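Heads up, the next two complexes both have subunit A, just with different partners, subunit B and then subunit C.
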Partner chain A sequence: MDASPLAPEILFLVGPVPISRPVVTTWVIMIAVVGLCRLGTRRAGIHGGTLQTVLEITVETMADQLRDILRRDPWPFLPLLGTLFVFLVFANLTTVIPGMKPPTGHVETPAALAAIVFFSVHFFGIRSRGAVDYAARYLKPNPVLLPLNVLAEITRTFSLMIRLFGNMMSHEFVIAIVVFMAGLFLPIPFMLLGILIGIIQAYIFTILAAVFIGAAVGNGEGG
Partner chain B sequence: MENSLQIWSIIGAAAAVSFGAIGPALGEGRAIAAAMDAIARQPESAATLSRTLFVGLAMIETMAIYCLVIALLLLYANPFVG
Partner chain C sequence: MQIDWWTLALQAVNFLVLVWLLWRFLFRPVKDVIEKRKSLADEAFVRADAKAAEAEAARERFEAQSAALAQERQDLLRKIHQEIEGERSETLEAARREAESMIEEARETTKKERARTVRELRDQVAEMAVDLAADLLSKTGAVSADEFLADLADRQLSAMSEADRNRLREDLAANDACLRVVTAKPIARQQQTQWKKRLGGHLGHEERIEFTVAPGILGGLELRFPHNVIRFTWADQLRRAKELIRGDDTPS
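After this line comes the complex of A and B, so read on.
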């Protein structure tokens, strides 16, 4: 508890590169998610097994939700946003496994995810509307507001990062304090709350990324 | 006092979190009350409302989390305390 949440926790070195605990946890999550998907789609058929059906329901539900938000065909955006959501759910729920800490509770992982969202917003915006039309968006209500629009672009990415980091990290802190003060059984309701917080934060991160992308690509065309 | 900088950092961190939580708490309360009112009037729009409510609450909550981050910076990464 006395360790700073802002300093990375270095586990070992690969050559000159230090590998921190969130990176290792992220690798484990990646292996788990890819393995689960491989297992589910290995013998994919029309009459799939249980796991394939679960995966299909998950993907379809995410596509429906994104269609409601974006008000257009969600499939071009589903690889990015769906992966974000699934990764975040797994990453936030590692808090219930003893000995594992959520990688989103350190500032690097949310920063990387927010950077991915930042660049893909511009990528999707330019691909869908063209560079000139997309850049004109920053002059939209009035050219005087150009600095504010650029500032908003930066601060909303920053707040996307800080929101996820702050929620996960503060929850870890609360659990540590309750364990320190009250011992064995009292932390259990807080850990249940942690599951709820983890899933809600994953949902909010994905929804906000979808809203940003939806604003960048504009609406009207497509269905 | 030779460690007054540390003392004031801790006081500043506590003040940042405690006062910074007031505004978002009031704002979130108003937002949830309005959403409840709207759902009670039009239950069929509950799905859209709750999704918008979540996004809005996340936006409001960011203010409190900014304060938390400032408090943590004061406690753990204070540039003036060696």
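After this line comes the complex of A and C, so read on.
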């Protein structure tokens, strides 16, 4: 029986741990991103170079966006949300590199990210408001709605995962089908569309994560 | 759909490691740079504010000094004007006083000069009148006038109080005393006899009456007692007239 096309391709084993293609791709992305950042901030100073300036603009833009959403100092949340956006952008854009497949095209990666967002929401919420106050929000506006509130927490995380996975996976399939049917040059517009979809999905995923965290920590309180 | 849990776990770990790595190599350095730049900007703003405050203070000092200088200039001008006005007033007052003094002095001088001139004129007029009268009297002889004065002497002696006449009689009663009748010209013996009778009627001691000539009396007669002199002479009358002309009312 043929393997499922949705299943990740196992490249090698490290002991009992199977190392799949998305994991390896993620490592490559991590090395590239960290190398780029290390290169840009190696001699970080007041008068930085071009790469440092680009990185500063990127980080400050993300910080401004998060400040608008969270209504508070974005720096405590920036490592998580900023890394989420950067990783998703790079991961989604691997679709345009020949021979590489985006790790977000397999459900494990969006699931891992959604799980991290899920736990981060609770972590930041409890740290900001306290456990009791944070738990009490599930009883509002009426304690009867507690099951629905808990279900909403799960379903919104699930939708976050499925949205990213569905878009990237479908785009990957569409590209494969078009290449199979029309040759090599016809998919180029679809690849450009893929760039747009990848950036938009990264933005949507990050913004939704920020909205969830912002709702958990409460708006306009604290620094 | 099949999920590879190993892949899921590894991706979760990978992402968390990436979060740490980016915090270490991206977000923290950029945050440090931003904060350092913000700190420098704040310092620059503080310095700029300090400079602005310093400039403002300097401007205020300058304006205060300018105002003080202007005020001082105004005060100096006012003081100078006051001093000039004072000196002018003093000078005018001194000139006015000096002019008044000069005018007063001139008035005094003029007054004295006029008085002196008037007095000299009066003296000259009196001298001329006396000289003229004396000349006329000497040329005319004026016997009738002498008679008039003799009658005047007679009436004067008659009008005297008895006490005065007694004092004159006592004066004549002394040893070797005589009544010397002085005339300007020698008179005849007959006329001497008449006068002796008339004088003796008043004074007694007819034998002690003597006659003497003194042209200086111009006319009339002069009764010289040992201790009194009674004048009824033209010279005496002219002297009185002269004194009256000169304004000297003091009786002689």
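The definition used in the following text is that the second predicted complex is superposed on the first by the 217 of 223 C-alpha atoms of A that agree within 3 Å, B and C clash if a C-alpha of one lies under 4 Å from a C-alpha of the other, contacts with A are read in each partner's own complex, and residues count from 1 in each chain.
Criterion: a residue touches a chain if its C-beta (ideal position, glycine included) is under 8 Å from a C-beta of that chain, and two chains touch if they have at least 3 such contacts.
These numbers come from a predicted model, not from an experiment.
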Clash-or-fit label for the pair subunit B, subunit C on subunit A: fit
Subunit A residues touched by each partner, larger count belonging to subunit B or subunit C: C
Partner chain(s) touched by A:G45 [first = subunit B, second = subunit C, both, neither]: second
Touched partner set for A:A115, first subunit B, second subunit C, both or neither: second
Touching partner for A:R163 - first (subunit B), second (subunit C), both, neither: first
Touched partner set for A:D68, first subunit B, second subunit C, both or neither: first
Which superposed partner A:L80 touches (first subunit B, second subunit C, both, neither): second
Touched partner set for A:P143, first subunit B, second subunit C, both or neither: neither
Least C-alpha distance (whole Å) that remains between subunit C and subunit B when both complexes are overlaid: 5
Set intersection of subunit A contacts, subunit C complex versus subunit B complex: 4, 6-7
Subunit B-facing residues of subunit A, complex: 4-7, 68-69, 159, 162-163, 165-167, 169-170, 200, 203-204, 207-208, 211
Subunit A residues within the subunit C interface of the complex: 4, 6-8, 17-20, 22-23, 26-27, 30, 33-34, 37-38, 40-41, 44-46, 48, 52, 55-56, 59-60, 75, 78-80, 82-84, 86-87, 103, 106-109, 111-113, 115-116
Touch list for subunit C against partner subunit A, complex: 1-12, 14-23, 25-27, 29-34, 36-37, 40
Subunit B residues within the subunit A interface of the complex: 47-48, 51, 54-55, 58, 61-62, 65-66, 68-69, 72-73, 76-77
